[in-house]
Every structure is written in structure tokens, then in C-alpha cells.
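Shared chain: chain A. Partners: chain B in the first complex, chain C in the second.
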Partner chain A sequence: MQAFEYIAARTVPEAVALLDEKGEKARILAGGTDLIVQVREARRDVDWMIDIKAIPEVNVLAYDAEAGLTLGAAVPCYQIYAEADICDAYPGIIDATKIIGGTAIQGRAGVGGNLCNASPAADCIPPLIVLNATCVIAGPNGERDIPVEAFCTSPGQTALEKGEMLVALKIPAPQNNSSSFYLRFIPRNEMDIAVVGAGASVTLDDAKQTIVSARIALAAVAPTPLFAEEASALLAGRELSDEAIDAAAQAAQAIARPISDMRGTAEQRTHLVGVLTRRALNGAIQRVLDA
Partner chain B sequence: MSEKKEYKVIGTRPIRHDGVDKVTGRALYGADFQIAGLLHGRVLRSPHAHARIVSIDTSRAEAYPGVKGIVTAQDLPDPADKVADLGEGAVNLKYLCDNILARDKVLYKGHAVAAVAATSPHIAEEACTLIDVAYEVLPPVLEVRQAMEPDAPLLHENLKTTSLGETADEPSNVASHLQYKKGAPEKGFAEADVVIEREFVTGTVHQGYIEPHNATALYNPDGHLTIWCSTQGAFTVREQVAEILQYPISKIKVVPMEIGGGFGGKISVYIKPVAALLAMKTGKPVKVLMNRTDVFEGTGPTPASYIRVKMGATKAGKVTAAEAYLAFEAGAYPGSPVGPGAMCIFAPYNIENVLIDGYDVVVNKPKTAPYRAPGATNAAFGSETILDELAERLEIDPLEIRLMNGAKEGDRRADGPIYPRIGYIETVEAAKQHPHYAAPNGKKHHGRGVASGFWFNIGLESSVTINVNVDGTINLVEGSTDIGGTRASIAMQAAEVLGIPAESVNPSVVDTNSVGYTAVTGGSRTTYATGYAAYEAAQDVKRQMIARAAKLWEVDEANVQFADGEFSCINGKEEQISFRDLCARLGETGGPVVGSGTVNPGGAGGAFATHVVDVEVDEETGKVEILRYTATQDAGKAIHPSYVEGQIQGGVVQGIGWALNEEYIYDAEGTMTNASFLDYRMPTCLDLPMIDTVIVEVPNPGHPYGVRGVGEVPIIPPPAAIANAIYDAVGIRMTELPMSPERLLKAIGTI
Partner chain C sequence: MAIKSHVQTTINGETVEFLCESRQSLLEVLRDELHLTGAKEGCNNGNCGACSVILDGRLVNSCLVLGVETEGKSVETIEGLAAPDKLHPIQDAFLENAALQCGICTPGFIMSTKALLDSNPNPTEHEIRYWLAGNLCRCTGYDKIVRAVQDAAKASA
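Right, the complex of A and B next:
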């Protein structure tokens, strides 16, 4: 393992200044469950690790039925799923936080770090996309917001510019008759990386018979997690039916551009996009019906 | 041994002697070992699967601050010098040495090329990047059938096929061809009403021990070399290091630390001779630790294989003939377990006409190493699937066809031996009578499968010394690495003889200077053979204690009887004394009592197992869920039933992993792309049901308590049983391991 400097930043401006000064070989350290492994395996060249866990803004976990959720960039998974009202409001995020690594990893790893690691297979990103999350980014020129689906640009690469860091994620309050769902396919039942992941959110009408709106997002089938925009749009205004869901699943398959690797082949992944999209949509719908 | 014997200690479930140390984290493993002045070693490994080494320049690394010594194959004795003296032995020695540090060619990615000792592990790692190795890259051959092609790239220019005693003229990747024949196979197939033949392919599989290999070596100026390490056998480490370094055995002491699993993978040495070389070169103690990638890329897995099986049966279900063709990947050097695979393939059955051909083939992957019943799991995947298909075609229950053809005492195996009393039929009966087999299983996409397996087990040498303490306890000194609770199962056999509780025995596993020669913990031999030595040592103690009682009572030894922990006088005097009280009087009756036992028993009873499994197949994803699992096995006599159950469950879990997901995945250049436990997918707790076990006890006539080895046979049936269950669930015969979701989707026709 290479030698590196560890710096604990106390404020956002301090962290931003450090990032700006040190440049490419500086990385933000939050849970460290990806970063430390990458450095140990020489997959990332890091001279400075800037620990942000002492910065108040990145530790915020605040939910309000009107304002929605503010999720600080360093909040670990276990804190999120310990909050009952967050579990009720955003079950899709909870699905993801509960399957990242094992219990010990979930004590350290967070949604913000999962996003910034920008793995195409990241479990937290599809649910963030389907829940319309916004990234709050701080940088040398102040703060800016971008939609989460624009955050990842290629494997391991993000829209963060030099000196910028993710401070928090903001997720709007859930609408009536809505819910969300995330699942992934792995050959085992835990401790694995998604062969394919699919997230869905749906809002139904008051009669719970028609889909008012829906969002579908996919993991591990393209260089970045994907928002399946056309597939999502197909569902708006449709009555609940297998046909509607099949049509959305097919549209989702059409945008998948998977590779073949040791975790799965391209054709297997494309097939699974259909299966998992159906299961994610049905899962979200069932949650609305059960509510 | 037909009537049930009554035992006081054997068959009970005392707490294992090493339990507290292990659950509290105090047990010392190789990586925990510390000594003043310790240097850290790191091995440089080949980035190519097949290449000629043109040159190695270590000068930049040697100049790096903190580097204390570098070794390459040039520091090993040149085995080429031994050719004239040792004949074929020299060839083997060359392979052995070349696998430790490559001399002229690298034969797999991860092949050790050089090693550095430095003042910190980080410096050693950094220095490895400064060693300049020039390679002439050669095309790799990564699959057994390709390696057998006449125009395949050759790994060894001098390797010529040995076939049934003849050596070929031209070099080849096929190291050897063996054959077993019984009866007249052609005639047997002619008598059959149904003949089924299929091809099978199995992947390269890892033993999956949690603890990576480790070694710390210390070289004294007087020439004494000490190695602290994780191993399945301290004495085999001593032998291998002596052979590779051409160093006297008397000057090598190997200290076995606790072991975090081995399953066969910690018998061959890798970094132990390297640590020794670095210690000799630097004059300092040197510790070498592997990381997980080193373990996957640089140590031996169990081989991938290509297998063809043909079996024929009459309408009544009698198997009339069986044929098998087995081609096993040996890895970089000859020595795959195709032999045991060939001997085991039809072993559970009494078949009149059999022909088995086996091929040992080198490929550009790490040299294979033993793994739990080496070769037998690959083989049984083929034969047990075909037998299931025969039963289905003949509309006979799959357990019934096994009963109809099952081997019994007096039957001859295809490779020659005639079975003594064995318990195969009893395992099938136990499976048939188990509630699991009667439970309904009709749900859509649910299926049930069965399969059986056989493993020889071995005897080999073991030594035990017992020191009697004045408080009535004994210190039992042995040389068998304790992997699965053998301190307990060995101690219990001595306790039974002496009529004392298991807790009154303090077992210790000691170094090679402190106990008699003991072969490896492998071949399911430890409870059998070292337990046998403990029995003999306890008998020795008993004889000496009888003499002491006789002396005390001034009677003839023949007049002293020992039963239930009490010595009594059977002629004349009314005398009685307990083992414990007599221990307190050793000083006055002649001094300490030390008993010893050494064995090399030939009667390791073979072990059989029959498994039943229920699965659910997700037809949309290809994923197989194990719903219920029952394993029956003949243990001969279960000394400590909990550890027998543990061995069965552990073997089944490894078999399930082998069946469903485990395999080394290589790219075209020969790089393993899943060299971590993240992507080399062993089952976790969430992937498994509780595994029910049924211990059948058909005592082994070759052991005083009837013990049969239990550790290996449970890994054999699972892949075939699961394949048969998948067929029952979805009507597809899977013939390639692992039966991963993607392969299953393809077989079903979904993708």
C-alpha cells in the first residue's frame, strides 16, 4: 500500500480549499469502504485523503414531510435505515442501503460515497434517480445543484470539477400514493456486486388503478447508472396491467448497453434488465397497494 | 464388531480443547508470529501466463533503502545437476523447485519469479516493482482439450506422455494416461437395454480456506533453520523444504501454528522455502504473507476437467457396463488427481464390466493441489448424473437403482481392491427412510435430486506420546494439524482407553523436533490414524500403570485388572485403586510414566455418502435456491458426533459452491479475472439451508473403535445431486460446472 497524507477537514470551505490545492491526487474520505480498498490494491493513486466526517453539513440526516430529505454526503447506511419515517417515505433507498456489503460495511459506507465512487453497478444510484434526488455540490466558486442522473459521467468519473465535493443529497417529499423499490440480481444472496440493478418509483391515482407517473433506473448495464426516461414515460397515464409493465421493461432493455465480464455476459444482463424492471415496478406498485 | 459396543467417552460431545483459544481470538496463527529483528518478504509474480524468462535484473531493487536481500531461482540448488543421479526423481525435483521460483520459464500468471526481504512490507512491495524481468511472451494454453491438441503450445519441451508403461517419443502436454479395466465392457453394453452417454465439463475450483498462506523463517549461524507456518503437516513442510533447498532434515525445525483452513491446499509448499532462502541470505528472520490475490494466482486449486461417461443398464435396472474418459488439468506441472478420480468414479457400484481412461494434462494455470477428495467430485458429477438419467428412463426410483447396484463387502472395485465391510447400502437406506425423501415436492420449479459418493481415506504414519501427570490427567503430544476438531477426537480415544474424562486430556500439536513422524492432516486420516496412535499410546500407559499397581500390591501383573478407570487385584488381595490415585503414586513406584504409540495402519475404511437435495429454480434469472439438504454418511464410529456433523455440513457447503457458482474465470491471456472472494463466489450463510446429517455407523474393521475418515466424502455428491434436482425442477440436464445462473438460462433457452 502506498504512503499517503491524511487530513481531517473541519469545514466545507477547508475541504474545498484542500481539494483545489492538491488537485487530482487528493480524494475525499468518507466511509472509505471503496477508497481504502482501491488504494491498497493500487487501483487508485492517492497522495492526500481528506476526511470529511468531522464536517457538520455532510452528517445531516433530516426528513420533513413537506421539505423532503436532506442526506449528508457522509451519513452511513445504518443511520438511514434506523429512521422509521425515512424507511416509510423512501423504501427504494432503504432497499439499497440494506444490501450494500454486510452489516459491518453498512456501519461505515454511505449513499454519498456510493454515488461519488461512480461505479456503474452502484446500488444506491438507481433509487436516487427514481426518487428525483439532487446533488448539492460545493466548490471554489460556491454551491451548485445537479440532478443525480447527471452526476456520474463514466466508470469512476463524476461531474465534480476541480476543487468540488458532494455535500448532500436532497430528495423531494414523496407524493400521495407513491412508493419506490430497488432490487439487484446477484448469483448469491449477499456480499456481491450487482450483475444488474433496477430501481423504480411509481405514483398511482387515488383509486390506485392508474399510474400517474413512474421513473425507472438501471445499474450495471452501461458505463454509468441509467435513467430509463422513455420506459418511464411509457407508463404515465397507463392503467395498471402486465402489458404496461412489459412495455416499460422492453423499453428499458432497449437502452441497456452492457458489457460481458466475470460477473455476467451482455446477453444475460440485457435479459435481466427486463426481468428486474418488471419486478421493481411490481414491487413499487405493491407497496402503494399495501399502504 | 457387529454388536454395539458401550463407550464412556467415545460418541459424547465434550467441548473441544482448543475451543476457548479460538473463540476468544487468542489462538496464534502464522500471521500473528512476531520475533525481534523481523524482516518482511514479498514475492514478485509473473504478469504472463506463459513466457520465457530472458533476464532478471535486481540491481535497482537492491539499491532501494530498506531492502536487505533478494532471491531468485539462481539461489536455489539447480535440480538439473541431479538428473544423472536421480533419474525421474530429478524431473520431479525440477518441477517442485521451478514452482517455488521460476528458473527458465513462467507457466502461469502469478508464478513466483523473485522475492525481496525488507524492513517493512511496504518497502518489500515497492522494491518488487523495481526488479526488471525481461520476458519472451509465449501463447498460453488454458483448457484441457486444447492442451491435448497436437499443435498446442508446449509447456515443457521434455515432457513426454507415459501411457500404460510406455513413454512416447514426441513431447506433449499430456503427462500420463492411465487405464482401469474390468470384465468386457463391449459385452456389457450389448446386454444393456438402455445406454446413456454424455460429456461433462467442470471448472477450476479453490479450496476456499480463509487464512492465506504464511511463513516466517529463522536461520541460525549454526545452520539450524526454523519455520513457523500454517500447514496441514509440519513434517511434510520439513521434507519439501529439505528437498527443494537440498538441506538436511535434521537441521530443519517446522513449528505449526494454528491453521485457518486448508482442505488440501496447505500441503504443498509455496512461500516456505522462499522465506527460508531469504532468512539464509539476510541472516535475519523473514516473514512472508500472501494476500488473497496471491493465494488465487500463486497456489494450487483443484482442476478443471473434461469427462465423458457412458453407462448401460437392463430394463430391470442392473447396470451392465460403464465407461469413463477423464481428462484433468494438472496446471503448470504434472500431477492432477485424475488417478483418484478414475478410481472413485464408479466405486459405489458393483459393475461387472468397466473401462476407465484418465489423462493428466498440463495447462498454463497454477499447479493443482489437493482439495477434499481430490478428483472424485469431478468424476461423480458425470457418473451420478448418468445413473440418475438411467433411473429416470427405466422408471426406477433413483435411490432404488443405487440399492440394486450398490457395492458390498467382497465386491471388487474397477481399479482392483476388494471391499472389506463397507456401509454404502446403509447410507442409501438411511436416505430412503429419512422424512426428507418422503416429503412432498411437487411445486412448480421445485425439484429433488440424489447422488452418492465414495472416498478411500488413507492411513499413513502417526505418532503420539502421552505423559501422565500426578493429578490423574495426561498430556497428549501429537503432530497432526487440528483443522476440524481432531485434538478432541484424538484425546477422546486415549481417554476411552484410560477410563478418564476427555477433559482430563491436554492435547498439544507440537513441532517436528518434539514428536515422532506424523503424516499430513489429509486423506481423512487424522481421527483414524493419529487417533489409532493415541489408542496405542494409551494402551502403553495402561500396561505401565498395571505394572505400577502390581508393584504397589506386590502381586504379579497378570493379577491386576483395569476396567472403568479402576485397577483391581483379581487374585488373592482385595486391592483397588483408581487411575487418578495411582497417578499420585508414580514417584514411589518407579518414576514418571510416558506412553508412546506409532502406527502406519493399512485398514483405513472407505467412506460412502448419499445426499438428497431440494432446489427451487428461478426460470427468469437462472438462479438456484437450495431449499433443503440431507446428507447421510458412514462414519464407521463417530468419536465426536458434533465434529462429524460439522465435517459433513462443511463438505456439503463446499460442494454446493462448486455446483452453483465457484470457478476461476480466465481471460484469453490467462489472467484470472475473479481473484478475490468478492467475485470468486463461495456460498454464504444466506445461501444455505440448515444441512441435515445422518451418521450411519458401520464400524471399520481396520480400527480399534471402528473409525472411518469422514472429512472428504461429503463434498462429492452435491454437484450431481443438485444437477439431478435441477432436472427434476425444469427438465434440463446440466452438464457443466458451475451451474451458474447464466449457464442455466442458456440451457433453458431463455438467452
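Right, the complex of A and C next:
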């Protein structure tokens, strides 16, 4: 592995100042499960690794039924799914954190790092999109928030500007009669990268017969994870029915722009978008009905 | 000559000090600096689990941890598992079930099993298989390993 300098930052301003000073050859180290491999395999040229795990703000994991969830950028997956109230409130996130790598990866890797790595196939990003997550970003000019669907700009690239870092994700409290679901297609049972991933969230009316609102997001079918905005809007106000779900699945297929690669062909991926969107929606709906 | 950092950590219950470059992984520090060669390098990218160790109570791939990150932390490796004169019940169970052939993956499987049984003393077969999904074995076909874990759980009950 190339030589680099390791710096354990103690505060957000310290990390931001280092990022700003060192420029693009500085990278934030959180769980390291992507970054260390990328540097070792010479896929990323890094002269400074800035470890943020000693900074209090990036380790926050706080859920409140009114304020929602604050998820620090360095919180590892295992801490998230260990919290019963978070599992109940945001099952779509939990679906993703439980399938990223295996046990040892989940001991280090977190949702924030999965987002900042900006893989089109990142499992955590579709559930963040469907749960209306906001990215809290700190930089030389202070703090700013952006919606998570605007964070990834191309494979491996994000909206973070020079000197900026992700501090936390904020997810609104779940509404009544709502739930979320994420699933992916892989040819194995575990330890694999999504051929296609689909997340959905739904809010039903009190009678649990009509969809008040829904959000659908897709992974591995475009250069970035996608918010399927039109497909989501089609469901608002619709009674629960296979026809409504099918229409949304078809609209989701229409925005997929997949490539063919070692994991699957474009044709297979487009087909999978339909299948997985239906399953994600039905999964989220079933969770509301079961609650 | 690259700059080396001084790191103090606890390994298998003993305070250990070492010098390492930032780019050295915990796996490289364990093997090359401290001569604890139980943890193995397989893929060196987090897929195979041959380098599994327990860091502050959590199973990790030591190839994906920097040595400098372990300052003030506690590391458990296969070398610290058994008492000097006696195998650990997990090791006994792996032997009795012939849950190893070439042995390269075995220290990783055993540390992963220890982390599992520490957190879940009575796992189902499903839980065992998912927990061990990040440990690869190209010899046994896994069934013997699963049976060894089940036996180890019974022995520890």
C-alpha cells in the first residue's frame, strides 16, 4: 500500500481544516472497508487519511419519536440494527445494514461511509432516499444540508466540495401507518454486490386501504442511485391493488438506465427493477398491515 | 524511510507497544511486527475472513483496520484463545468434527465463532451460516464447520 499520513481528528472543525488544507489527496477514514481496499489496490491516490471516529458528532445515534433519527456519519452497521426502536421505525435501513458484507464488515462499515463511497450499487442509499434522509455537511463556510438523492453525482463522486465532510444523516420521524423495505437481487445468499437494489416506503390511510404517499428508489441501474419520482407519485391516493403496484413498477423500469457488466445484462437489470420494485412496495405495505 | 508511529494497545489481555507505518494494516502489524501469525492473509480485501480478529469486542477483518487505529484498543487473536495446556471448547469442536482440512481459514473461523457465541450462545443453523458468511473455506464444504459451531455452543452451555 502507498505511504500516507494518518491523522486522528478530534473535532469537526479540525477535520474540515485538514481536508481544506490538504485538498483532494486527503480522505476521511471511518470504517475503512472501502477506502483501505481502494488505496491498497491503487484505485485511489491518498496522502492523508483523516480518521473521524474520535469526533463525537459522527458517532451520534439518537432516535426520538418526534424528532426522528440522527445517524452520525461513522456509526457502524451493527450499532444501528442493535437498537430495537430504530429497527421498528426504519426497517428499510435495517434491511440494508444487515446485508452489507458479512459480520466483520458490519462491525466497521457504516451507512455514512456507504453513502460517501457513492457506489451506484450501494445498499444503504435507496432506503435513505425513500425515508427522506438529509445529509448534514460541514465545511469551511459552515454547515449545509442537502437531500440524500442529490448527494451522489457519479460513480465514486459526491456533492461534497473542497474541505467538506458528511457529519450525519437526519431522517424524519416515521408517520403513522408507514413503513419501508429494501431488497436486492444477488446470485448468492449473502456477501455480494447488488445486481439491482430497490427500496420503497409507503404511508397508508387509517383504514390501511389507500396509499397516502410512497417513495421508490433504485440501485445499480444508473451512474448513481435513483429516486423514482414519477413512479412514486403514481401511487399517491391510489387504493391498494396489484394494478397500482404494477403501474409504479413499470414507471420505475422506465427511468432505469442500466449497463451490462459481469453482474448482469441491461435487459436482466431492467426486468429486475420491475420485480424488485413490486416486492419492495408490497414488503413495505405488508409491514404496515402487520403493525 | 517512512515515519513510524508509536502505538500502545492491548493484545490478548497484555499491554503491547509497537512501531508501525500508517499504511500497515493490523494484520501486517500482528504478523510482521508482533510475530503473531495465527491470523492469515487470504484476499487482503475483506472477502475471505482468514484475518478475522476481535477488536474491542467486535469481529473485524484485521486487513481492513490500520495498525495505528488500534491505539488504546483491545485486540483478541487466536493466540489468546486457549489456556496454555488445554484447547478452547471451540477448537475441540472443530477437531472432533473434522471442520478443517488445510487449516488456512481455521483461525478466522474460530475467532468468528467466538464472537458469535459471545453474543448469541445458542444460535440457530441459519444464524450460524449468516454470521460465518464472511469466512470462506475451500476445503470442507461448510457443513462440518456448522456442526462444530453447534457442538461448541452445546459444550459451552
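The criterion applied here is as follows: the second predicted complex is superposed on the first by the 291 of 291 C-alpha atoms of A that agree within 3 Å, B and C clash if a C-alpha of one lies under 4 Å from a C-alpha of the other, contacts with A are read in each partner's own complex, and residues count from 1 in each chain.
Here is the rule we go by: contacts are C-beta pairs under 8 Å (C-beta built on N, C-alpha and C of every residue); 3 or more make two chains touch, one makes a residue touch a chain.
Since the model is a prediction, treat every value here as computed from it, not as a measurement.
Asker: Any idea whether chain B or chain C touches more of chain A?
Answerer: C
Asker: Does the superposition put A:Met1 against chain B (first), chain C (second), both, or neither?
Answerer: In the superposition, A:Met1 touches chain B and chain C alike.
Asker: Between chain B (first) and chain C (second), which, if any, makes contact with A:Thr103: first, second, both or neither?
Answerer: second
Asker: If we overlay the two complexes on their shared chain A, which of chain B and chain C does A:Arg263 touch? Say first, second, both or neither.
Answerer: first
Asker: May I ask you to decide whether A:Tyr78 touches chain B, chain C, both, or neither, giving the answer as first, second, both or neither?
Answerer: second
Asker: With both complexes superposed on chain A, which partner does A:Met191 reach: first (chain B), second (chain C), both or neither?
Answerer: A:Met191 sits against chain B and chain C alike.
Asker: Which parts of chain A are touched by chain B and by chain C alike?
Answerer: Common interface on chain A, chain B vs chain C: 1-3, 189-191.
Asker: What residues on chain B touch chain A, complex-wise?
Answerer: 122, 125, 620-623, 660-661, 665, 673-674, 678-679, 681, 683-684, 686-687, 740-742, 745, 750-751
Asker: Using the touch definition from the top, list the residues of chain A that touch chain B in their complex.
Answerer: 1-3, 185, 187-193, 195, 261-265, 267-268, 271-272, 275
Asker: Where on chain C is chain A touching in the complex?
Answerer: Within the complex, chain C contacts chain A at residues 2-3, 5, 21-23, 25, 44-47, 49, 52, 55, 58-61, 63-66, 68-69, 71, 112, 115-116, 130-135.
Asker: Which chain A residues qualify as touching chain C in the complex?
Answerer: 1-6, 8, 29, 32-33, 36-37, 39-41, 49, 51, 53, 76, 78, 101-105, 107-108, 189-191
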